[in-house]
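Chain IDs A, B, C, D and E follow the sequence of writing; residue 1 opens each chain.
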Amino acid sequence: ELKFKPGEDSKFHWANYDDLKKVDLKGETLTIFGPWRGEDETLVRSVLDYFQEATGAEVKYSSSENYEQQIVIDTQAGSPPNIAVLPQPGLIQDLASKGVLTPLGDDVAAWIKENYAAGDSWAKLGTYTGKDGKQGFYAFPYKIDVKGLVWYSPDNFEEAGYKVPKTQEELADLEKKIIADGGKPWCIGLGSGGATGWPATDWVEDIMLRTQPPEVYDKWTKNEIPFTDPAVVNALDIFGKIATDDKMVDGGAKAVAATDFRDSPKGLFTVPPKCYMHHQASFIPSFFPENVKLGQDADFFPYPPYASKPELGTPLEVAGTLVMITKDSKASREFIKFLQMPLAHELWMAQKSFVTPFKAANKDAYGSDALKKQGEILVGATTVRFDGSDLMPGKVGAGSFWTGMIDLVGGKSAQDVAADIQKSWDAIK
Amino acid sequence: MADVTLNQVKKSYGNLNILHGIDLDIKSGEFIVFVGPSGCGKSTLLRSIAGLEEITSGELKIGGELVNDVPPSKRGIAMVFQSYALYPHMTVYDNMAFSMKIGKESKAEIDKRVRQAAEILQLTKYLDRLPKAMSGGQRQRVAIGRAIVRNPKVFLFDEPLSNLDAALRVATRIEIAKLKESMPNTTMIYVTHDQVEAMTLADRIVVLKEGVVEQVGTPMELYKRPGNLFVAQFIGSPAMNILPAKIDKAGNPTVVSHVGGRKATVPIATPASANGAAVSFGVRPEDLAIATGTDFLFEGKVDYIEQLGEVQLVYVDIGRADLPLVAKLPGNVEVKRGETLRLNAGAGDLHIFDADGHSFTLHREEAKAA
Amino acid sequence: MADVTLNQVKKSYGNLNILHGIDLDIKSGEFIVFVGPSGCGKSTLLRSIAGLEEITSGELKIGGELVNDVPPSKRGIAMVFQSYALYPHMTVYDNMAFSMKIGKESKAEIDKRVRQAAEILQLTKYLDRLPKAMSGGQRQRVAIGRAIVRNPKVFLFDEPLSNLDAALRVATRIEIAKLKESMPNTTMIYVTHDQVEAMTLADRIVVLKEGVVEQVGTPMELYKRPGNLFVAQFIGSPAMNILPAKIDKAGNPTVVSHVGGRKATVPIATPASANGAAVSFGVRPEDLAIATGTDFLFEGKVDYIEQLGEVQLVYVDIGRADLPLVAKLPGNVEVKRGETLRLNAGAGDLHIFDADGHSFTLHREEAKAA
Amino acid sequence: MAAQIFSAIFVIIIGVGGCVAYFWGANKLLDLVFPSRGVSGSAAVDNLRRQGLVRPWLFVGPAMIILTIYLIYPVIETLRLSFLDRGGEHFVGLANYQWALGDHDFRNSIFNNILWLAVVPAACTFLGLIIAVLTDKIWWGTIAKSLIFLPLAISFVGASVIWKFIYEYRGEGQVQIGLLNAIIQYFGGQPQVWISLPFWNNFFLMIILIWIQTGFAMVILSSALRGIPEETLEAAVIDGANPFQIFWKIMVPQIWGTIAVVWTTITILVLKVFDIVLTMTNGQWNSQVLANLMFDWMFRGGGDFGRGATIAIIIMIAVIPIMVWNIRQANKETGGH
Amino acid sequence: MAASTGKSFVNRFGVHIAVLIFVVIWTIPTLGILVSSLRDKDQIIASGWWNSFSSSSQTEAGRLPPASAQTQKDGKYVIEGNVFGDGAKRAISAFGTKAAAPTQYKAGTAADLGDGVSLQVNGDGSFVLASPKAFEGDRGQRVYYASSAPPKFTTDNYDAVLFSEGIGRSFMNSLTVTIPSTIIPILIAAFAAYALAWMRFPGRALLIAVIIGLLVVPLQMSLIPLLKLYNGVGTFFGVPSKTYLGIWLAHTGFGLPFAIYLLRSYIAGLPREIMESARIDGASDFEIFVKIVLPLSFPVLASFAIFQFLWVWNDLLVAMVFLGTAPDQIVLTAKLNALLGSRGGNWEILTTSAFITIIVPLIVFFSLQRYFVRGLLAGSVKGG
């Protein structure tokens, strides 16, 4: 049953739905394989329902805890789904170079450039080198997570008289003040089972974007400048200083790597609070305690830029999922077209945990103020860059970079960590 | 000193009483054999003495000391199991040395005693073998050797020969007898249900039945003057012929008429009250001989013959097909199936038992004693 | 017809020869017993006849038909194993019915034959039991029953009684003897190393040694005229006394002087060439008696006595302590240890064997035959 | 729901029935082609012999076919891949093997694997044996056994959750939700981040596998223990051996064969198991093992089949000594038949 | 077991104590998740599970209703209500309005919040917030209070898992996968094991060697070659490549080496005379196997059945690769896995599903356990 009755709420572009109805896909099956499980799965299904209902195609969505492994197996073994949705550009590059992805075409790339915010950042993100060695547009960005957000409790800030910092310098002052008041500025948790370490990579990337021009960032993610470049080492060092300072983090430096990232934000809401700030992407409210109301009990601000580097503007790191055709069919093509409709975005925006750079999507459709604010941050950013570690090859971005972060918070010097990571990158060249 | 004294020893498993109060006085250096039908509690009694089973009540003394609560290894006993119970993973040498190694004896001492025992049992050249590479008789000797080295005060055997073949059984039996001689101060308690073993080895035999001692005595006593029907039939092979009979005239001698239809005069005193009583009349197969004169005890057709070479077992139907009379006759006597045979026995070889199975001989003796 | 003929049957495991060319002619309906020391190949021979082992060379015929390559089930045989080999998960009934069910016989026929066999073996009331709920003797009867229902032409037994206790062994032995009578046309081949079984059951005994047939004959033949030393010592219990001796005068009778220092005149013909030859002089313990006159064969000190009740075994040291002479005397003869005893035997009960162990009796017979 | 149950049962019956039908049918067919009953003697004999030639293959046939498809073919494929590059397209010779030898992670994994192999099979077997011995003596032994067996019924993912609540670390002085740290803190000690303690973290991971596999060892050893003749134990009691001596000198040697089987099985399992490492640390903090490393190279970030396959081949080679020993053992056993 | 007649306490109870220690150590982790699965989602990581049995005193935060709830009373603006709302009530001992001093005031006393504003929170949670001026804003006043909460357990987690959509179906699917995947390898392995133990044919020793060798093949590396094969076969015959038959065979293949290894060593140990006896009775190898070997091998079949059942039942990887995720094929492990959020960390779901999945294997274990008892061969051969 459709979540929002077509035609009923004017914040949706229902005209799209009528267009969609003209597409006849009866008897076709569209298999979609994506990373969304649990609550997210319910959400994505609620969107897919419209496609199914309107076109008559049978949509089969599935996911798995080991989806990265699964998609490799499935494509390699020649039984891919029609549509694959993946959050890792590195992995997508890999699939593209093995020739298992179908190019979406230049017109779609052009469409993205035109309709998504932040210039050609998104179109670039969807462009990969194919098996033939040629660049092509393979992946359609859909559902974005805004990274580089700092979460806090407005009550606690208010009570202690803290102000939301607008610059890194203010942030540094705030940290000092909190410490002086006997509190801990940060809750940091890097634990994530097999993926332990990744939250720190985000933080380092945030620092990179705020200390270096985007071109350096791009070079870094392509290893055109090495990890041991002073720019990178500096970023590692800044993060390292925070994470290894017992005064800065709840539980002390030792707890950083051991605490699960899903558990660490809970420190914001204990009485008395264990910490005052938490750096994490837009999805994190799912892991707040149940009675915490977003906007009332919890709020966020963007990880601020340096006042000393105004030329860098307000950079933003994002992550998100990209939609690819792994098995071409009429339905696959139609599905990509569906994603180009504002409705496909609005339906999810109106619910939870979905922001989009699609300018034509109705901002009023956002289900909550927090989402809307994130959407505004996304559209308003001057520079948008995708999660760097996801751009790197899997062995680095989902391997040695993570491990390196663990070493870093374990007390290893930034220089050594950088050298190690660089070595592993060299090993796979 | 190693006399073993049992005083009202009882043993039960839960509600099941196995031993019903055993009284026994075994003197130091004696060779005692427990016999009895399967399941009568022989092993249980032996195991209780060894300390492998806790006794339920009563007193058990070894060398005068109460050992009810003393663990097996401290009782000064050694035991040879029916199934050898060799340690399959150890060589013969190690099997024998095990208890001394456990006891932390010196290497030299161990070696000395093991070799000594091996010498006695002619095992010296097998010392390096594993049990599985030995024949049954050799294994049994190892089991005995293992017990010898412990230099026990009391030596317990649980049917040590029952797994051996006939020839080995004879040989090993003789070895045990010799062993006993070489250890005159060691008390030996031996369980078997083989009569030949019991008869040849025992100083005294204890006949058990359902957890009760039926009779204790020297082999000859039991053979010649069985106290009751059970012992009479249990001791001797083939078993004593037992025939229903009636006392025609009580007194001394007693005249009985048995189911075969003939009368016999038995030089055993019976009380007058026994006149006309139903009794059991017994005669051992080996006491029967072909009657030469007109005086005979039994007459009947030969039903079946088992020729054993030197002797033959002749089954004679004396009127009751279900109760064939067995006679052990010399192998060279020509007997044919179907032939009618007359058999006789010496008057002194006849036995009578009252309705409860008690021997009248015993009656008389009891009367004397009283 | 079910005669079994073996013609130069050989069996080897790899390089190891177990049977060295066995020739045997077993007539239909005969009861043949294989005896021999452990490991001599009795079981192997029996299993070869059964078809459980493939023979390496030679011919094996059953009922005149060459069966070298015929699988066991088609040879018309049934076998009772030393270890029963019952199917533990089947009731007695099913154990017995198994082969007929496999053969797809009708239900009624199966039931009839199983009940018939059960009747013979007195197993009727145990038909619903599982093997584990039966005593050893009963189990052995089930194993026999299982063979009976197959109505075999040849019945094979591999030491069927060796796991039973003495009493059961006697009882079951008699049952087997009766069984044979009730199946007169069935050939029976029986392996044992118990002599009593061999003597009582066999029509003919085959004595095996290390895969070679030593002698074949009726029990009495083997007992009275053993063909060689091995058979002489193997048959009879206790074994025949064998003493080193020298032929003083060959001819008929022969005069020998044995290690005990005495001379004996033996009514056996020896060739002149044997004059002065070293021979073995044999006499069975049961043929010895206390010499009454001055004429005696042996003189020595009584070393040891085993009193068995009716008889006693007396070990006499006639000069060679390692070779005690055993005499089986009546139990009532008073003999004391240490006493000097003179023993004699009938001249017809004496045996002499040449240096190779062959009996001179046989020499004579061979000479006659030639 | 009823329809689902029905269809499930139907599918199950088809599957199992098909398998039964094969064996029954093939045998029936054999009997039809070479009849042995109801034909004349010599023909029956010939047919029986022919049956004897064919039947073993009917019996092992399905196993051989399935093993070939599901294991042998993949092994060959893996061997081939190990000489190819990451995409599995170009021949690279021994480059992958060379890489492995020089790789830090690989060497670390080898070292850790040796640790695992030294500790886990031994610990599981030893504990399983002790528990089997002890539980045999008491009336509530079955219950105890079931509880020890329980972890075996839990999936690896479940197990890692369970152990999270044992090893979880919270900063000093805070409420600990990991049992181990709670205990340590209760006694005034300093809480530790167990899974990142260098070197020792290996052992904390091993404990999980030991916790799971001891039940396996226990079940198998316990049935072997029951086969020990009781008299040998009683003989040892009389010989004066104490319970420990009886255990070590009498019981253990007698079930050595079974111990070897259990040991081998767990050794092989240790070489293959990666779930625990994957979910607890993913090989970080120097806790990498070969199986997880292989998984990593196979599937992470698009996968490098060449290197993944190389590690798989190395794992298999590592087990060759154990295999050889076992095959010898097996041949010894069958020698008698 | 050897009787020891020692009487000391250690001898008497030593074994019981030792076993108890093992059992406790082995059970504690599992007990931990059982307790956790019955706890509130947020509580699971807020305090150790062992604390959940005692009533805890905890400091919590609540928010009073916003300005819109105010009424005017005695010239004052008043907001009244209960901090617990409609939820379960607890006893409050102290309260405060600052996170830094959450228990500044005793319950039942009035706190002066400045500007004439006063707040009184009573022990039962009822409160009165009074101010001379009207309240503003739609974020209500924050209060902190210390309350003692009795031990609280909930079956919500089980509700969430057990009644989630499609779970019954996936339970069925799991059984559909598991039962044949357990029985088929047993059948195939038992036949093969019998042949390898008791039948004579060329290449037998080699075959045994190969099978033992295959024990070590890591499962993960066979996935891709196999799936390729499946797809090839599927395309060739025009059938779907992800079928139950496919996964049965896959599990069979992966389980076979161990099955044959285990069964063969057991079957080879059966008494030879029984087989020979049956052969003389005219039974063919097939009949010997079916009527003699199979019934006698029950203990080892049961052992293997348990291990294989556990492995298949708990498997996720093979199921995800060889079976689809549509409702008619998704297995329980996969279904439960899908209940976890995209980023994992739902401990309450994990703990609960760990417990739910354990139940079926345990039933299997207990029902097969009695076959482990010895004595199946009793009475068959001497000494038995």
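Annotations for the structure displayed:
As a working rule, a residue touches a chain if its C-beta (ideal position, glycine included) is under 8 Å from a C-beta of that chain, and two chains touch if they have at least 3 such contacts.
The UniProt protein names, listed by chain, are B, C = ABC transporter ATP-binding protein; D = Alpha-glucoside ABC transporter permease; E = Carbohydrate ABC transporter permease.
Quick caveat, the model's predicted, so the values are computed rather than measured.
Placing every chain at the mean of its C-alpha atoms, the farthest one from chain B is found to be A.
In terms of Cα centroid distance from the overall Cα mean, chain D ranks first.
The chain with its Cα centre farthest from the Cα centre of chain C is A. Counting C-beta pairs in contact across B-D and across C-E gives the higher total for C-E.
Taking the mean of the C-alpha atoms as each chain's centre, chain A and chain D sit 40 Å apart.
One finds 93 Å separating the Cα centroids of chain A and chain C. One finds 32 Å separating the Cα centroids of chain A and chain E. Multi-chain contact residues of chain D (touching two or more other chains) are listed as 52, 234, 236-237, 295, 298-299.
Residue positions of chain B with contacts to 2 or more other chains are 51-52, 71-72, 83. Those residues of chain A in touch with two or more other chains are numbered 66, 73, 76, 193. Remark: chain D residues 37, 41, 44-45, 48-49, 52 touch chain C in the complex.
In the complex of the two chains, the chain C residues touching chain B come out as 38, 135, 162, 165-167, 170, 174, 177, 193-196, 199-200, 219-220, 223, 236-238, 284, 286, 304, 306-310, 328. Chain contact summary for the complex, chain E toward chain A: residues 41-42, 45-46, 59-61, 63, 98-100, 102, 139, 142, 144, 223-224, 226-228, 230-232, 234, 241-242, 316-317, 320-321, 324-326, 330, 334, 337-346.
Per the touch definition, chain D reaches chain B in the complex via residues 229, 231-232, 234-241, 245, 249-250, 253-254, 256.
Those residues of chain C that touch chain D in the shared complex are 65, 69-71, 74, 103-104.
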